[in-house]
Structure formats: C-alpha cells, structure tokens
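The two complexes that follow have chain A in common; it is paired with chain B in the first and with chain C in the second.
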Partner chain A sequence: MFWLQQIFNGITQGSIYALMAIGYSIILGIIGLVTFVHGEVIMIGAFAGFFMVTFLKANFFLAVLAGFAASWLLGIIIERVCYRPFRSGPREIALIATIGLSILLRSLSQVTFGTEQKLMPDLLNSHFIPLGQIRITNIQLLIIFTVFILALLLHQFFYKTKTGIALRAVSMNKQAAALLGVHVNRTILLGNALGCALGGVSGVLLGIYYNSVHPVMGASVAMKAFTATVFGGIGSIPGAALGGILLGIFENLGVAIFSSGYRDIISFSILILILLIRPQGILGRKELER
Partner chain B sequence: MSKKRLILALTIIFSIAGSVLAAPAGTVKIGLSAPITGNLAEYGENFKYSVLMAADKINANGGIRGRKLVVDIQDSKGDPKEAALIAQKFVQDQEILATIGEFSSTSSLAAAPIYERYGLVQLSPTASHPDFAKAGQYMFGIIGTQDAEGPFNAKYIAKKYLKLKSVAAIYVNNDWGLVTKDRFIEAARGEGIKVTSQQPFFETEKDFNAVLTKIRATNPEGIFIAAMYNEAALICRQIKKLGWNVKLMAPSSVFSEKLLEIGGEAVEGLATNTFFALTDPDPKVQVYINEFRKRAGRNPNLHAASAYDSALLLAEAIRKAGFNRKAIRDQLAQTKNFPGITGKITFTPVGDVVRKYKILVVENGQWVVKKDYTQ
Partner chain C sequence: MASFKQKLVYFLSAIALLMFPWFIQNDYWLRVAIMIGLYIILASSLNLINGYTGQFNIGHAGFYCIGAYTAAILATRYHFSFWLLLPLSGIVAALFSILIGLATLRLKGIYFSMTTLGFSEIIRLTVLNWASLTRGPMGIPGIPLPELFGFHLASNRHFYYIVLALTGIMLFLSKRVISSRIGRAWIAIREDEDAARAMGVETFRYKLYNLIFGTFWAGVAGCFYAFFTSFISADSFTLDEGFSILAMVLVGGQGNLIGPVIGAASLTILPEIFRNMAQLRLVIFGAAILIMIYLRPQGLAGSSILSQKYHYPKIQRHSPPKHQGQQEVSP
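So, the complex of A and B:
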C-alpha cells in the first residue's frame, strides 16, 4: 500500500512534469536552444488561471484555457524579443536574452501581483476515491486525465495536420524546410507559442494541485522540466512525456527509500547519469552535432 | 599644467563639499538589510513597513536628540552572500550608526563576522538560531532562541496541551529548520515522547505527499512542522488531502494570517506559540496593528511586530548613548525591561532575549490564545 501510494503520487506529479517537458521539448526543438524563461512562463500561466478562478469564479476548464492563452501570448512576445532579432547572430545572445527576460518577468510579477504566496481556491470539492488501500483524490485523477488528453491531441496535431508536420520539419532542419516551402518564421513563432502555452497549462495544474501560486514558483519546476526533457530524449515528444512521469515516480520512490532531503539529489543524479550513459535520452534519436 | 591643477583643486573641493553636504547635521541614519525581493520578499516587506512606521513615529515625536531618523534600506534578496555584501557597505558608511537585519538565521550568521570586525550593531528581529547572538558582541536577536522555544513546544504544547505520546518532525533544510527541529526533538525525548521520524524538505518544495506518506507509515500521534507559514499551510493541506488525522503543531514561525488563508480548514487545530497576538488589549499594540493594516493592507504578524520593536529599541539606545557605534552597542546590551509591543525585552549577556510564550491554536479559522505563560 505504501509503495503503491508513493508511485501514484509520483505519477500525478510526473504528469505535470511531463506536460512541462513536452512544452520545453517543442521549444528546444524549434528554437534549437535551451530556454531559461520557461519557469516564468509557467508562473504567468498559473497566475492567469488564478485570476480567472478568483475574480471571475471560473471553472477548471476556463482556468486551464486562461493559462494556455496567457502563456501563448507570452510565447509570442518571447519569440519577438529574445529569438527573432538574434537569429543570425551568435546563439549565446538569444540564450542570455532569455535569462534577462526571466529576471524581468519574475521581478515585474512580484511588483504587480505582490510578493506573497496566493491561495488558489479548491475548484472541485476535493474528496477521496478509495481504491483498495490507496487513496486517490479526484484532483489527482483530473490532472492525470487532462495531461493525457493534451498529449493525445498533441500527437494527432504533430502527425496528422499540415502545421504539425511543418513544425517537425523546422525542428529537423530549418533550411531544408524553407526550401520545401515551409514558412519558417511563422512556424517558429507558432512552435514557441505552443510550447509556452503548454507550460502555462502545467502552471495552472500546479496551482490547482498545491493550492498556491507564487511569483517565484517557476525556477525550481523549470529545472525539473529540463531534467525530464533530457531524460526522455531531446526533441522527442513521447520521450519528454515518459521522462516527466518517470522523474516524478523516481523522486517519490527516492523519498520513500532514502530521505526527503535527497529528492533533488535523486533527480539531478538521474540527469547526470543519463547524460553519461545515454546522452540522447530514453527515446531520443542519435543526431549529429549541429 | 595650471588647467590640470585647477581641475585637481576643484575635484578636491567638490569631494569635500560633497561629503559634507551628504551628511546634513539634522539626520541620524540606521541600516536595514532585508530580503525586499526574491523568494523571501514578503518577509522583507514586513520588515520594511514596520521599520519605516517606527521611524515615522520617532520623527513625529521630534526625532532622536533633535535629529531626524533616516533608514537606509538595502535588499539582500534572501541571499546570504548579498547580506554579507550589504554588511560591507554598511560598515564602511560612517553615517550608519546601527543596523537592523537580517531576516533568516542563515543570512544573519553570514553577515555577522563583518559587523563584528568593524564594530557595528546587527540587531535581528527574527533570527532565532542559538548561535546568532553568540557570534559576537555586536550581534543581538530579540525573537528569543530555539534553546527556549524548543523545550516550551515540547513540554507545554506537545506534552501538556496536545498530550502526545509520539511525534514526528518535518523541517525545512536550512540553519533555522535544523536547529528548531533538533531543540524540539531533544526536549520531546526528555519529556518521554517517542520520536518516530524526522524528515527534511527543501525551501522551494511544493510537493510533500511523498514525505508525508513516509512519515505516516511510522504512525505518530502528532507532527511538528518546522517551516515558515507558507510551507506549513501547504503541508497541512496535503496532510488533509491524504486523509490523515494527526495532531498538528509548529514553532512560532507559522503565526500569520496567511497561514489561515492558505491553510483553510486544513490548519484547524494547529497549535503553536507566540508572544504577540492581534487580540492583545494593550492600546499601543492596537495602535500598531491599525497603522500596519492601513499601510500594508493586511494584519501584521510576529515578524513584523518584532521588526517594529527592533527599530524602537535601536532608537532608544541611540537616544541614550549618542551618535557613536560602540556606545550604542554598550547601551543596547544594558537594555532592561524595554516595553515593546511584543512584550518586555531584556538582553541576556550574549545578546538574545528569553521570551515567555502563549499557546496559540487555530479554532474556527481564527488564532485563539489558549494558555498564557507570559505573565
């Protein structure tokens, strides 16, 4: 019972990581660069959901939608500010631009939203669903369900629609995609906005699961998103999802076996191990260095 | 050549004039080092509101020895390295006569050697690590240390009030969390309470399900939550979501309106201690609470009240000792029965305060004083 409970908690936490990692993976693929502003994207999404719920008394679905929309917009801004002006310049410039924007956004939201941790009200009357010996809350189920549906939709989008295929093409090779008539600039903008929007949704889910939003909540979860992405395989969306869920499970089992003080040690040891043994990640494909 | 000399002469004149102008005779300056931005920003904000309120009050009553009190606020971002840099800055600024800070025990300890070396008072409103005041002659802490709070929590809250036979501890993994947990656990063992589990967590942690499930497996009657109110509220919520019926207790760091707001029903029954209560009938406490509410738009908590007392305490010491850093330290060390809004303050020889506590419990979403040991 103890272990099953821990694993189930891990899956819930992991599915939120998975959503963050999918978004991160899309951005990483389309931009070709690590982003440092993802934590703040998640935070802005969470606050959008928070304001929807607190001031407009919105339901779960609308809160998630608000998070999606707000972070989508932010994604467009990020692309315009951090990536487009420096596309032909050295890659470090864009990288540092994202660090700068992340600090700006974090401080700005502390000024505008206040520095305190905010309470995200319980959207659903949280109650248990007894399942044998383990206890599962309806919120946990809803989170897992939401992430699952989003992942399915994304899969359809990437493999069945023209835009999705264009996105994948640009991730693989920008020049070749352009030669074949893909509108590269627009596709990059779309890809970045989509990745950010998924981050926003995961922010709302985090807020709902832990009942709190905070202007500085982004930094630590963004690091987890990055770990899950590398773990699952850079550029692979199913890999990112798997990486997120496994990371969640490992963290919870790590706490159960060792001590909670070792939680981050476990996740980052996994990161280092993966980089050493299988740099392309679990489901990543081997690629030539660009 | 003569032009160069002229420039040199002008530079010298201006720099002398500048330094004279920068120190108008009518002011007296104290430093405030606090986490104004960063993860701990809301705690730093409490300091800022309270210290500025105290300064305004002092200035409205004619200042200190006829001089206006000015507060130089520096933002440490909650980072011990920054706190040490601010200490460097303060000790070199000869106008600064004494300082208030830092919020966390970790930052206060990091800055302590610098203040000590250059002989400038660091008075912390909140650092409760027993080693802080011992770190030097110039270190003062007024919140009381865990040496006193731990045994109180164990004897009066765990044993007498909650009647626990076994207890587990969850604590934030920093200087303060560790020592708070240690002092409580030692004392609890001394009272014959069985300790089933002790688990740390990291400061930015949001997910306590794993660690709580683990603690739950050891089946304690009560849980001691050594955390700030934000984390403590989340921990209580997650305990509730686990469907775990366990008695909750925590150190004084959880006493805040914010705990009730974030914790909701989940913090019902949580027992802690304090020496500052919003229901205190003392008129000067009520004046403070009303003024704080007006400025900050929320109720003050223990940290805020303690920062207010720190500022008044320093002002009093400067008034008596004059404008000299060493004299201020000596005066401060002699403080006896200073009537603060958090009770009477008397420094021990090492420079901390022995507090007397009230047991405070959450009942129907309100903080209620259960037993008063401050008399």
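So, the complex of A and C:
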C-alpha cells in the first residue's frame, strides 16, 4: 500500500512535470532551439499566482489564470528579445540571449521578491479523501484534473482549429508553411507564448502542491522539464506528457527509497541513464544525430 | 613567431604584473587582483571548451566545486600538501567530466549543455546532503595555509604570486595545446563537425580530451580557492557562480585566449566599483550578456563568436525566417 501511495503521489507530481514538458516541447518545436529561460518563466508564473492569492484573495482558478497570463506576456517578451532579432543569425546567439535573459530575470526577481521562500496560503482547505487504502488530498485530485483538462483542450486546439494546424505546420517546416499562407512570425510568437503560458500554469500548480514559491526554483524545474522531454522523446508532445508522468513516478519511488534531499539527484540520474541507454526517448520519432 | 614589438609588450606586461603588489599597498585591491586571477583561470578553462570546440558548457561551477572540495577534504583530514593537491583536484574534476562526456558527447546539440547545467546543481546538492563527507551546509573551515620549503605562505602578496604563476602556466599551456595537432582538431570540430570527421578527426575522442583539459583547470582553480579563503561551503558554487563565469567568457569574447582575460577582469572589477549595489551583481551580468549580444555578439575582444564562417547580420526587426527545410532540435 505504501508503494501504491507513492505511485499516486508520483502521478500527481508527474502531471505537473508533464505540463511543463508539453510547454517545453511546443517551444522546442516552434523555435527549433532549446530555451534556458523556461525555468524563470515557470517561476514568474508561480509568483503571479502567489501574488494573486495573497493580495487579491483570489481562488484557485483565478490563480491559475494569473499564472497563465503572466507567463503568456513573458513569452511574448522573450520572443521579441531573444528570438526574433536573431532568427537569421547563427543559432548560438539566440541561445546565449536566453541565458542572459534567464540570469537577468532570476536575479531581478531575487532583488524584488526577496531571496527567502514564500509560503503559499492553503486556498482549498486541503483534506484527505480516503480511497481504499491510499489517501488522496483534494489538491492532488484538482491538479490532476486541471492538467487533464488542459491536455484535452490542447489536443483539440492542435488538431481542430486553424491556428493549431498552423502551429504544427510551422514547427514542421517554416518555409513551406509561409508558402501556404501561414503568417509565420505571428504563429511563432503565439507558439512561444502558449508554451510559456503552460509553464506558468505548471508553476502555479507546483506552488500550490508544495505550498511554497521562491525565486530560484526555476533551475531545478527547468531541468525536470528537460528531463521529461528527453524521456518521452524530443519532438513528440504525447511523449512529453508520458515522460513527465513517468519521471514523477520514478522520482517519488526514488525518494521513498532514499531521502527527499536526493529528489533532484534522482531525476538527474534518470536523465543520464536515458541518454546512455535510449537517447531518442520512449516515443522519439527520428533517430538523433550521433 | 611573435615579432619584437609583441615580445616587448609581453615582457613589459609581465614586469608590470610582477611589480604590481609593490605599487598597490591596499590589501583590498590586492585581494581583488587575486580574484581576477582566479576568474581568469576559470573563464579561460571554460573558453577552451565553449570557444574552441563549440560545446556549450554551462555548469562549470560544478567542476570548480569538485576541485575545491577535493582539496579541502584531503587537506583537512589527510594533510596533503597544497602543491600535490593542485594537480590532484584537477584530476578528480577531470574524472567527473569523463563521466559526463561519455554520456553526452556522442550526441549532438543541446544534451551536453543541459547535462552540465544539471550536473552543477546536483554536485551542489550532493555536497549539501552528504554531511559525513562534506559537513553539509556547515562547510569546511580551517583549511591549512600552503607551505613552501617550510615557510608558510600567508599574506595576500604570496597568494598573488601563486595565482599569477598558475594563470601564466595555464595560458601558456593552452596556447601550446591549441597550436598543436589536438588544438587544430578542436577548432576543426568547432567549424564543422561532419567535415572534421570526414577528414579523419575522431571527434568524440578529441571532444573528450577538450573537456578533460578544460575541467582539469577548473579543478585547479577550485583547489586554489579553497586554500586562499581557507573556508569553503556549497554557497560558493551555486548556478549563479557558473553563470558568472559564463558571462565573463561571453562578454570577453570566446574563441581566443585574450577574450576571457578581459571578460574576467572587467566583470570582477565592475561589481567592486558599484559596491553599494552588491545584490545587483548578477542583474548587471545578465544585462551585460544581453547588451553584448545586441551590440557586439563576438564579445569585447572576439573576432568571431564560434565560427569564422558566420556573418553577423544587423538586427532585423521583421525578417522572414531564413532557415530552410526540416528543423532539427539541436542548436
């Protein structure tokens, strides 16, 4: 029963990772570059939710919405500052720009928000729901539910709407998409904003799940988003979701065996193992360049 | 071959650096000079990796941390001498880099960068959690002073000469290696990895050599830092430290030897001048990177950022995308 409980906790945490990884995959596909600023995007989203809850006494959905909106705006800024000016230059320059922006954002938020951990108020008066022999909190259920709904909406968006199809077209081949009349610049802007906004939502969920937010949380969560993306297979959005959930489960099982101080170390070891054994991930489509 | 004029410049600057502690009576500025030397070693070793083979190591602080902790633990528990520990810490750091390299250097692109980023954070967390070895968050105090022929090296002036010698050796060796067969292989990999392989360069092996050489010096710098401050804790080796070193390389200009020296010197002096805004140090670094990228992407001293073949276009506000074909994910 202990293990079943751990697996359930892992699924909860994994669904947050899945959301991050989906956002990361969208950005990866649409920009064609990894981003180093994603951790800071998640952190800003979490802080937007935090301020919404503490100062405006907002409820869960408003907090999630605030995280979504703040990170959406940040995504637009990132695209304008880091990607658009350098799209025709060598790719390393955009990469370095994201590193610069990430340092700037993190240190600025350390200065403005303070370096200590902020406690997220308990806004759902969390209680246990007994279910067989494992205990589930209502927060866990709400997190899984939110991620599930978002994933469904995203699937509809990507396959049923014109904008979603344009997004997929641009991430496959920018030039062909432009020839077919897709407004490439606007689509890239939208895709980056959407990926960032999903990161922001996952930041808020993370803040609610752990009851805390702090300005340097970005580095380790960005690492996990990346691990989940690699785990599932780069270039595949369902893979990213699956990778996130599996990462959450493995991580919680590892924590149950060792100790919680080793949480990040466990997920890092998972990354190294994947890179050694199966670098294309579980659902990776194409062979990686070796 | 260096011309007479160049030799004169080298000679005069060497004299100036040797005489420096006699002109500066202020202990504070001598300390700043030592820190500059330390950061020159770190930034130059990172530049060997990032600038010469075009890998993108972000977590250099992790290797620096390993060097410092190796030195601190062996010196306080087993009383190893400073002079033995200098190469030993470098070797231990290089051994860890082999682990990272074996997992990631065969893959192209971003895997290496993300793994080094994670590695740096993991090393810090391991140091914090493995209290029986590293005393965890309390850090390791009381690292003994280095000795030379029974004579304690205690003053900042002594440390200044040690770091000057180390920097000199490091830059000299780098220059020799870069103009050797190995260095030419590195540059070939940076310019075009597939072409290099077609010409018979074993890219994986040379990338691994490169990583080992670069991280070795990070370990040496860590050892020096441990003895210089005589107290180390995990707080000195955060991701921010790694980002600062990276900022020095990027601002100075990668792919040549003088760039990181300029970057390390300017980014170490800059926060000292604005001492009253100490907490803005990294804000300044981040802004400096962004400004450099916009104004001078090749860095202050750089002639090229990664490769000669790129042209640096003027910033175009509404340029149509120029990348054709299948977008691969690696940068």
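FYI, the second predicted complex is superposed on the first by the 271 of 290 C-alpha atoms of A that agree within 3 Å, B and C clash if a C-alpha of one lies under 4 Å from a C-alpha of the other, contacts with A are read in each partner's own complex, and residues count from 1 in each chain.
Methods note: a contact is a pair of C-beta atoms (placed from the backbone, for glycine too) under 8 Å apart; a residue touches a chain by one contact, two chains touch by 3 or more.
The structure displayed is predicted, hence computed values, not measured ones.
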Fit-or-clash call for chain B and chain C when the two complexes are aligned on chain A: clash
Touched partner set for A:Asn185, first chain B, second chain C, both or neither: second
Which superposed partner A:Ile103 touches (first chain B, second chain C, both, neither): second
Which of chain B and chain C A:Asp264 touches, first, second, both or neither: both
Which superposed partner A:Leu119 touches (first chain B, second chain C, both, neither): first
Touching partner for A:Gly10 - first (chain B), second (chain C), both, neither: first
Partner chain in contact with A:Thr137 - chain B first, chain C second, else both or neither: first
Chain B or chain C, by number of chain A residues touched: C
Which superposed partner A:Ser220 touches (first chain B, second chain C, both, neither): both
Partner chain(s) touched by A:Arg87 [first = chain B, second = chain C, both, neither]: second
First (chain B), second (chain C), both or neither touched by A:Asn173: second
Region of chain B that runs into chain C when the structures are aligned on their shared chain, from 111-119, 309-317, 327-335 or 345-353: 111-119
Residues of chain A at both interfaces, chain B in one complex, chain C in the other: 107, 110, 216, 219-220, 259, 261, 264
Residues on chain C engaged by chain A in the complex (per definition of touch): 56, 58, 102-104, 106-111, 113-115, 117-119, 121-122, 125-126, 128-129, 239-240, 243, 246-247, 250, 279-283, 285-290, 293-294, 297, 305-307, 310, 312-313, 315-331
Complex interface listing, chain A residues touching chain C: 28-29, 32-34, 36, 81, 84-93, 95-97, 99-108, 110-111, 171-175, 178, 184-185, 188, 216, 219-220, 223, 226-227, 230, 234-235, 259, 261-262, 264-265, 268, 271-272, 275-276, 279, 288-290
Complex contact set, residues of chain A against chain B: 2, 5-6, 9-10, 13, 107, 110, 114-117, 119, 126, 128, 135, 137, 139, 206, 210-212, 214, 216-217, 219-220, 251-252, 255-256, 259-261, 263-264
Partner chain A, residues of chain B touching it in the complex: 37-39, 41-42, 44-45, 170, 173, 199-202, 204-207, 209-211, 213-214, 217, 230, 233-234, 237-238, 241-243, 258, 261-262, 264
